[in-house]
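Heads up, there are several structures right after this.
In what comes next, chain A is part of two complexes: it sits with chain B in the first one and with chain C in the second one.
Let's turn to the complex of A and B:
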């Protein structure tokens, strides 16, 4: 009896291993069978992004946007029923690669939406280069290089880059608000670096003098020392630009009010994610008057946007924002392309051709099309937070039309990509040093032209 | 169980492992590779934990060191395989030799703290030294060397075989080490360090050697990791990764190297399999971990070794005793 029990104990892990093995093997067989029999009814589309942890919002909201787009077509594309396979990447590059492998090999998916954070985006770009038979359309990842230095034909982004949304904000801050010297507080990682770079370019090239950068770790939540520093230099700078997002933004605003920073700096400016709806719900009413820029604003008053916000609120019981919009738009682009190609996901070349040639004019954000690197060219909105019916809301006060990922550097794409990656110290903190770098990469001719036109045309 | 049936089982297992790329799906093979390089980390962890009773949280740091060395050398086109891999191993040996000097003066909770600090230092350097490591963007575009990409019967399964053979070789070597006189001395330190000092053994040197060996195994895991994933990112060596190795080790049984491999396989498999069904899979893994800690404190291998035959294997593998 006792001996039997021992054999039983030995068998348990063995059975476990075998069960896993057969489960995987059966999955593969099932898929093979499906190709023959049931393929006419079902099509699989993969979705990957952070669904757990601190970045979960970026993955989940994109997911909800995708669900809305699928719901609008009754979950059917070209006669196929859509099976959305969702994988969690935990905002971890290694886990992301595993998730992509799982989707590609286990579920035999040819179209993947995601990922949603910057570092995952870089890893996805690398994976896309090795897997040319899979179409990847990022969720909310804004890393420049995905569609620049590491661009590949099978990665197309209907979203944004960290620099794209903010080039013209730099111009706006100098030309319209009249600031010459800015103090910038930012989280020390890739996305804020991109934002800082785009802002500095627009700011210096249109006459700005200095952007003093203060970098801090992500999620420090205690801004006392930074507030002190800002107070001590308040005579030298005209305004503060908060270059972050999420919990840090809310904590920053708490400290800002506590230290009465409004007396030192009448104007607070924000990076693209600062005036996001979840943040507007958390901050006090004094947040009114903060300027920022983005490729979407919830107050756009055309029909498509109204409809989108209403449907999204109905379906998910929350306000739509930029992240949800991008999930929605990305899915719609894929739906349109698949409708045209008859629902065949396996021919990725035909799909990418179809998408690259697309001109989307009924998106809630306005219209957009793709440049030769696969990045959306779109309108950028300068927004101001205003009090509307007792609630804080973004209001569009200026629009820059058809901005590409290279912003003002159209025709200078090669030169732009010759530069090093954006980092904490590149581009430089003062206009003087910045123009030295500019001369090195773009030549004196470009600078002369800037001087002649007094900034961008 | 007699000699013949034992060899039959070994042969079946060996044949199965060799045939995996052909009889199983591509996905299964990919997951096997993933489990194998993570298991190497588990072996590195379990070697220290089971032999001298030192719990190291710096295992992923050494994976990171070799991974980053290869990634930096290859993306900057300074060196390529096999020289980059050799350089990576040299870096790992050097850093672990230096750090071992500090680590071997401590034991118990202080050793855990020291290795935690080492792990965090390397993680922080990877994150902050952006001009070299590319910071939180990570280094991308490291391709698998041709030497690991040979075809077998027309299928591109070279990588699987290379990592499988390396893995078997390392596990065999580590097991051999544990029953050598060196391994016996290490176990002596685990049981009573002061007694070993009194007997005249150079305890700190023995601990230093064990630490370097463990780091070397983790470094080899890093070589496969970076070539397989193609991306080197600080998140691969953060505190979560240390915790993952620790959890896998406890899951399978801290006092057993085979157990650590089993634990890591289960944790990794669960993560991938459950992820397909629910986004709350981490809760399920957590509950399973809780059950193991409460009902099988020696881990799954502790359960298995209650079996008489398995116990004799355990004695043979770890203590060098013949079947009793």
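Let's turn to the complex of A and C:
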């Protein structure tokens, strides 16, 4: 939206310039390849994601995680020296496809790490279906369909999905915090829809009554009118759940403080990306007490995580977070698989078999393994922001073990995927309508079981 | 209802100070300075750094403004002067600078969104009965009024203003009469840069500082200029008020159509009054 105006005016000259620039870049790369071909002991691995522009953090941090994992093995896998080929997708699905094609055709890469954002992720999933001879492992993309409705054998995700990390947060908010009615403010696109869906499922199925959703465009300039609306309905809802990430989270929190919203809602809850380290560095101290859930928390106190954070900080001079972790874990999974298969990247089937059978028990996040669709099954942590030595930090206060991307619907995978895609209006905003939908897709039997167990077991 | 109106007015204040600097340089130089958003963001980042070293918000605003003014001077002196008079090339130069500057800022300040801290005095809301207004919004309103008044006085009550207004109408004639119009051009461009910088720091406290913010700000500034009329000072005020109200009521009642609603008056103006509501020159 925001760039539309000048794009409209300058598309023609820009396209021309870009065409020339791209042509030059390709020539230059061809030359490089010819020079390097003599060295047989080299192995190329591709990395793609947004490296410039507003989403650069999501690609760059995954890249830094990959670099750390490679550094630990002296940049050598099974005797081959690793040549990491990095492509910038600019968080644009169109550009991503071009980048994937370049990596595949120009650089003849068989293993690609990336991409990092939602739209890109969906484009990568359909590209993976057309290129079965390439292994793709997402950098941070969390669109659930990449490993569900659009799953393919050659796309394996050592990361998370938008719904996976938040199912149990819904249960936690109802059971442990005792809230029945939640007002949710979310960005109106696929990732927050996934988060809303996961939260609603956990919340309603364990006794929650209503999740009132207020959707806003990602481009909005300020949150004044949303604050006004939240104030006017504050008598009806127990807490606000902020379902967004990045810049909007900081802008939302700024307005929250300006309007003194703490008086109206003592409890703020967050989506998976809300209590990220870069955000904790920018918000005021009143952010203390915000709950959220994720598959990683920086405060996990086992040896692997402490080592990881220390090494990452040494190498890159910044704090590691969930994005860096995923780059790191993904690269390590690939290294392990390649060591076993003798460093042959071209036999993608052998590689995927190796990875799918893997049980990773030394990841900084804990342990994880892959389900039959290629998505990591892992522990989900409920985190609370606390003040530790004058700094805001996440503290794990509860853990739900071995959560799959289908959450509580294990054994009902087919039924789950029969449902429509998550959207602004699906699942519904009230428990009553939600259970009607639930009956339609999962049957009365499932609902009876829920009632019998008083929620999830 | 009153809350929404007040939200609209404070939003209008912010939009006005964002747009007025761009409109100023537009009127005289006839360049659509597409780097205006990048200058705004640059000012914000400089302000952020000053704030984290000195903890002084006022200093952050001043230094942010001066650093941006310097950047605008370099842009005008070394690049725009070379292509003066060729509209397409002028615009392309500013566009390239905007794109390059955006990535340079990511290299220097990183891609993570930030927010500039502001004094305790301005934090929290002011509660008057049913009406709750953030103190910072009131400050921005006052800020906009002060800047607007000063600019209006500069343009209408001083000799420099007279030369500028004459330059807008017929700059060849002004040059022929012995005025160094080049110098006037440069100083106006630098002034516009200074305004972009200080607004960047204030806006960066109220909103956020983040990559891509430059294009967002530029879009809003262009919308207001097109609606109000290119080069019209009063037009910027009226257009900002219209946009502020549309924004505030739109996001309350029809959030899905908010952006659509903001573009509608612009489209209508382009069809029925292509020069904008008050488009002629500086008043």
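Keep this in mind: the second predicted complex is superposed on the first by the 415 of 457 C-alpha atoms of A that agree within 3 Å, B and C clash if a C-alpha of one lies under 4 Å from a C-alpha of the other, contacts with A are read in each partner's own complex, and residues count from 1 in each chain.
We adopt the following convention: a residue touches a chain if its C-beta (ideal position, glycine included) is under 8 Å from a C-beta of that chain, and two chains touch if they have at least 3 such contacts.
Values in this document were obtained by computation on a predicted structure and should not be read as measured data.
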| item | value |
| --- | --- |
| Chain B versus chain C as contact partner of A:57, first or second or both or neither | second |
| Which superposed partner A:105 touches (first chain B, second chain C, both, neither) | first |
| First (chain B), second (chain C), both or neither touched by A:88 | first |
| Chain A residues contacted in one complex by chain B, in the other by chain C | 3, 6, 9-10, 13, 52, 188 |
| Complex contacts: residues of chain C adjacent to chain A | 3-4, 7, 10-11, 14, 34, 91-92, 95, 102-103, 106, 110-115, 123-125, 127, 132, 134-137, 206-208, 210-213, 215-216, 218-220, 222, 247-248, 251-252, 255-256, 258-259 |
| Chain C-touching residues of chain A, taken from the complex the two chains share | 1-6, 9-10, 13, 52-57, 60, 188, 214-217, 219-222, 224-226, 228-229, 231, 246-247, 249-251, 253-255, 257-260, 278-279, 281-283 |
| Chain A-facing residues of chain B, complex | 23-28, 30-31, 34, 128, 130-131, 134-138, 140-141, 143, 225, 229-231, 233, 235-236, 240, 262, 265-266, 269, 272-273, 275-276, 279-282, 300, 303-304, 306-310 |
| Complex contact set, residues of chain A against chain B | 3, 6-7, 9-10, 12-13, 16-17, 20-21, 23-25, 27-28, 51-52, 85-88, 91-95, 97-99, 101-102, 105-107, 118-119, 122-123, 125-127, 129-130, 143, 145, 150, 188-190, 421, 423-424 |
